[in-house]
Structure formats: structure tokens, C-alpha cells
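Per-chain residue numbering starts at 1, and chain names A, B, C and D are given in the order in which the chains are listed.
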């Protein structure tokens, strides 16, 4: 019962969050996907594969276990389900995962280059540079493993998978979406700066102070996700 | 009767798909055009010339034969009708054709340079680089011939006509529109990467594996157009 | 009476066309202005100065003579009225004038560099490169004279005033707006091409053939403004 | 009473102006903030921290004193409140302050480079180049002091804080928002020009003439904020 309610509520949440991806132009056509871990269950709610954004109501969402096997839903889950599932199995603190091909973050992914930390907003949100993960083929655990290993070596909630695109995580799905939105924003701003000059990296000590302050001090409720 | 119903249905479809061109900012003013082959008939449904996007209802669509001669409709057909018709005559597997001047794809066309395959999404969708066709004048079969000859040498459903802009094809009009949308997206992302560095081309064997998997495995119904 | 009706109708037209400037992101805040010549009268209808786009209804439009003196209207006319008036006095074939600070065209203006003709769409619309006019101060006839002298040496309906921005003309206000929309589009596409390579200029003979065909052959009614 | 009415009216104004920030794509998520000085009181009205733009009605606005201490409101004030307050304490002519991370202006901030005055619109609005302020940590008066010291050495109403982003001021909140909108526009146009060439700086004497004319002559009411 409680479990069924939690799933129903997450279907609503995950469906609604997909609208943020289109609002911020992070996805086109049926690309991009968001998932949320079901609390206290080895389950996740994820976008179906190949359904248009207009039709992504709560009832279209898919429930799988944490190996990506279908538990509930009319549609097949996203083709990136295995990567989401791997992240949930190996990062218990993560409650939400987002994948997009947002243009600036994906351009950095194509270059295989981290986004250097040249803005206070990057220090606040990502605690430093946004790291690059390996080139990994779809079809087994390679993508998920690449995400997890890269994130473990960084404060960042975002990783740029080489030749592919960004994945972001958060304590819940909304936080992972925020990370995806902020990532594309800083990916663009730093790209623009690089086009006409050489932006200076911030001093690492300043980055740490900004990051710790932002994660610990600000926000209405002590929650750190929404401060500004 | 069946023919008349098929035409009526395609008028709706083609008119509706033009909204995707404006939604994704692939066209301005009255530019851009979509056509669909009428199944089991030597006919196609195409956008009229010079009608604004607000007025592009089903009744404004034009029916021509596969030499571009007007069969039904109040308006003159698109000035690119001859190119669409040539494609249908020479590529029986094609059911839809789209032409836009979308900015990034057209910039690559102005350069006369293929878009290199540096992203898994390009491998999935286009099976490699997006090829360049010749510079061809309007007024005879030159454009159509250039499209067909270029596509025959490639897995791609998109071709960049030199000094002009992109044409895309698909098994139906929706698939050709999807190709146009994905093309502009990868044209932009690869352009962004090239502005600040040298993106690495993917290994051709990996490209083939990704392409075959995407075309054969994913999607809700075995259809390949919508997977993600 | 006829004159009053013509003015009333042009107030509607000019007010409505300003929505195209915002739709295509050619203007911000209260910037940009459109005017139309009143047929068979030494009058023009023009946007008022400093009124927000939400409030630009027909009744807000201003009527002046062809020296920019207020004839009818609650508001002061646009600060660019003198330039519009000069164009109407010296180019009797012009029925509409548009000025914007659209970003890509204005960037070329800042460089003081013509946009080279590297696309068939530029040949169709502008008959070649888009020319650059002089740097001219506001306050006398300098801007108007710069526009007229530059356009007289070119087939183009658009001119890039150095260090300032684009002005476009047409046989009526809608044609001038179309020129402004197409100008920003080609300014962007050629800019994008230039960022990553060296787009090739089209052969001048091909440019002439494309231009003459487009201006003379296409369109629903023999009108050339709308063909595609 | 009068004070309460002034505060109520400013709550409406400031809430409404935040919509201009989203309309012009100057902010994402909950980033960006606007404040207004309460006339004849040592108070300001400012955006709350971490509230989404959909929920930013008048009642969500926060009132603080000019040291940033909460006077009225359900939410905590913006994390940039100290900077706004410092500006009001030290620049009595300022009635509105805006902070965004708009992409092009922030890119110039990341470079720590002033935007050179290469457009008549920049001369009109900013009276010259847009200056760069120091890199300053959040948490004390450093940011506010950097803003004030930089603006005092310039005619500009905008300052690019190094490694952070732009702040703008105005005689009221609407004027500060206009400055933020115009700033992003010129930051983009000059960036575009720099990408493909070397835009020429305007002659300083011409800049002064344009600035003085625009500030003193144009507009419907003698007000200078809205002319075009």
C-alpha cells in the first residue's frame, strides 16, 4: 500500500519533471530520460522508450527493478535504463538520475574535456570542474560503471560521458534535474568564454569555501538544492 | 475511395508535421517544406509555395504526381517540388522528404563539409558522418539527382547540399522530420565542439555496432524511429 | 476619406508586423521600428518611441510627414524617424522600412564587413552580398543618406550600418519585415560557417540566375516576396 | 500607512519584473534576483532565496532593512541581499538593483574583460565600455564594495563581477532590469563580432555625444529609460 502510493506519487513527479527538460531546451524529440528511486524498495520509476513528450503523463511511466527488469508499465523502459539501474545499485545516496544530450554539455563530451571551474556558480553547484567519464558502449554495465567511477572521484553531481553526453544525479529526481539544468548553463557560459579568450580558473581554496557554504548554509529549509 | 482517404489523411499528417519544423526552429517565414508519398499511387502531398505557417492547414496542402505536376490543390506546390519528386521516383523505400534551411546544418552546407561522427547519437541515427552533396541549381533535376546519389553512398538519411542546405528522407514523413530535427541537433553540437577544440571521431566498428543495435533492437514496436 | 482609411489600415498593418519582430527575436525591450509609406500622400505611419511591445496597438502608431514631423498620434515618433523619412523621400519604390538590432546582423555591422553570398537563399533574397553602410551619427540626415547610397549600389534590400545595425526596405512594410527576418537568418548561418571554416562564395553568374528566377518566377501570384 | 502602501506596490512591481528576466532568458531555475529601494525608508523589497519563478507572487517578496536584516516576509531573502543592501547604502541615486547569470555577460565576467564600446546602442545605454569589477567572495561586503567602486569610475549602469556575473543598477527597479536586458544583448552582439573578427571601438567623442543625446533628449516624457 505505502509502496503503491510511493510509486504513484513518483510517477507524477517524474512525468512532471520531464517538462523541465523541454522548458530548458535540454532534449529534443523523444531523447533524454529521468528516473527516481522508489524509497525503501529495490525499484525505480523511469521514462518509457520512444514516447513523445506530449504523451508523457504519469501513467506512461515505467517501473523496473534495479537491474532494469520491467515490473509495471505498458511501455518498454528507456534504452538507458541499465545505466540508471547501475547507479542506484552502487550509489545508495542517489535518489534521481537524469540523462540528456543538451547541446553545450554534449559538445564538451564530444571533446572529452572537463569543464573548468571558472565561475562562482560552478563552485557552488559542482564544487569544481565537471569531470569526464570514459567512452562506453551501450548494452552492458559499461556506461553505469563509467558514471559511478567518475562521480566517486569528484564533488560533482554531473559527469560528461565521452562521445555521448551528460548524466546527472541527485538525492532525488528534482535535484538531478536541477543539476542537468545548471550543467547546461555553465557548459554554455564557459564555452562562450573560451570562444573569445582564456577564462581564469578559480583558486581551489575559494572553490572549496564557496561549495561548502552553498551546500551547508543557504536555502529556505536547510535544503541546499534551491538557494540563490 | 481508398486513394482519396489516403490523400485526406496525408494532408492532415503533412500539415501537422510542419508544426514540428517551427517548434524546433528549423524554418523561418514560409521557408522549408515537407512531402509524403501517397502509398500505392504515383502521387505525393506537399506544402504549397509561399503560404505562411499559420495558414498551413490540411486544405492548403497540394497533391502532385511524381514529376511535380499539380493534381489537386488551390495553391502552387513548393518551389522544391521537383527535388522531392525526383527522390520518390528513384528511392522507392522513401515515403517522406523534408527540406529546411536550419542554421547549423546549413552552415555545414555552406562549408561543403560533412559532419564528422563524434557522438553516439550520430552513430545511432545516421550510421556515421552526414555526407555533403554537390552544388546544384534549381530548375531541373540537378538537386534531386544530387540528393539521391549522395544518399546512396551512405547510411545517412540526411544530406547537406553544398551552398544550399539539408534534405532528409525517411520511410514516412514523420521519420524524415525526425531526421531533420536530429540533424540540426548534431550539426549544432558538433559545431560547438569544433569551436573550442577537436572532437574525436568514433571508431568505425563502434559506429556500426551502435547503428545496427539502434536500427534493429530498440523501440516500443520494433519500429526504430522513436527509440531513446 | 480614402486617405483616412488608408492610414487606419496601415496602423493595423504596422502594429501587427511588430509582432513578427518579437516572434523572430529581432528586437528587445522597446528597440526596433517599422514604418509604412501612406500611398499617394507624403505621409508615413511609424512606431512611437519608447512604448513597450505589449502596448503597440494600432492606436499607438504615429503618422508623420516625410520630414518626420508629427501629423497624428499621441506619442512622439521613433527616434529613427528621420532615417525612415529620408529613405521615403529618395527611394520612391520603397513602401516600408525596418530597423532592428538583431544580434547576428548587428555583429556584422560592428565588424563593418559585408555578409558574403555563400548560400542560394542569399542569392534568391538579396541578389548577392549584404552591403555595409557608413558609420553615421543620429541627429541629421546622415543615417538616411548612408542607407540610400549603399542600397543604390546593390541589389540588396538590406544594409548593415557600421557600428549601429541593419536597416531593410521593401515595396511595402511586410516585404521590409521579411527582409529583416531573412537577413538575420543568413547573418547567423554565414557567421556559424565562418566560425569553423571558410565558406565558399557562390559564382556570380549563378547568383544572378538564382536572383532573377526567384524575383520573377516563383510565388502564388507573381508576387516574389513569399516564394519557397 | 503610506509606507505600507509603498511596500505593497513595490512587492507587485518587483514580482512582475522577475517575469522579464525569464522572458529574456537571463535566468534559470531560481537564479537571479531583483530588488527595489522603498522610497523615504531605509528598506528594500527583494526576491526570496530559492523560490521558483512560478511561485514568485507579490506575497513571496521579502522586505529587509539596508543591512539585509529581515523586516517582513515568510521566506529568507536572496543570498545576494548583502550586495544589494551595500549598493543602496552607498549610492543614494540608485532605486533598483538586478543580478543575473545571463550567459553572454557572465562569459565576459569569466574572462574578466570589459565589453568594448563598438555599437551606438552601447554608447546610448552605457556611455562606453561595460566595466569589470573584482573577484569577490560572498559572505561580507566584498561584492557590494566591488560593485560600487567599479560603477563610480564609469558612466555604466552595469558591472561585470569577475568570475561571477553581472549586476545592474537604475533609478528604479524597472530601469535596472532594462539595463540587465540591454547588457545581455550587447554582450552577445559584441561576442558574436569578436568570434569572427575585430570590431572597431567607437570614437570616444562620438560616444559622449550619443550618450548625452540619449540620456537627455529622447523618450516620451523626458524619461530616458524607454527611448528608441
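Just so we're on the same page, a contact is a pair of C-beta atoms (placed from the backbone, for glycine too) under 8 Å apart; a residue touches a chain by one contact, two chains touch by 3 or more.
Keep in mind that this is a model prediction, so the values were computed, not measured.
When the partners of subunit C are compared with those of subunit D, no chain appears in both lists. Of all residue numbers that take part in the contact between subunit A and subunit D, under half occur on both sides, making this a different-residue interface. Subunit A and subunit C, compared by their mean Cα positions, are separated by 45 Å. Chain geometry summary: the mean Cα position of subunit A and that of subunit B are 32 Å apart. The set of subunit D residues that touch two or more partner chains comprises 195. In terms of inter-chain touching, the protein chains here make up one closed cycle, each touching precisely two others.
Touching subunit C in their complex are the following residues of subunit D: 24, 118-121, 178, 181-182, 185, 188-190, 192-193, 195-200, 202, 206, 209-210, 213, 218-220, 223, 225-228. Remark: subunit B residues 28-33, 48-52, 75-76, 78-80, 101, 103-104, 106-113, 135, 137-139, 163-165, 191, 194-195 touch subunit C in the complex.
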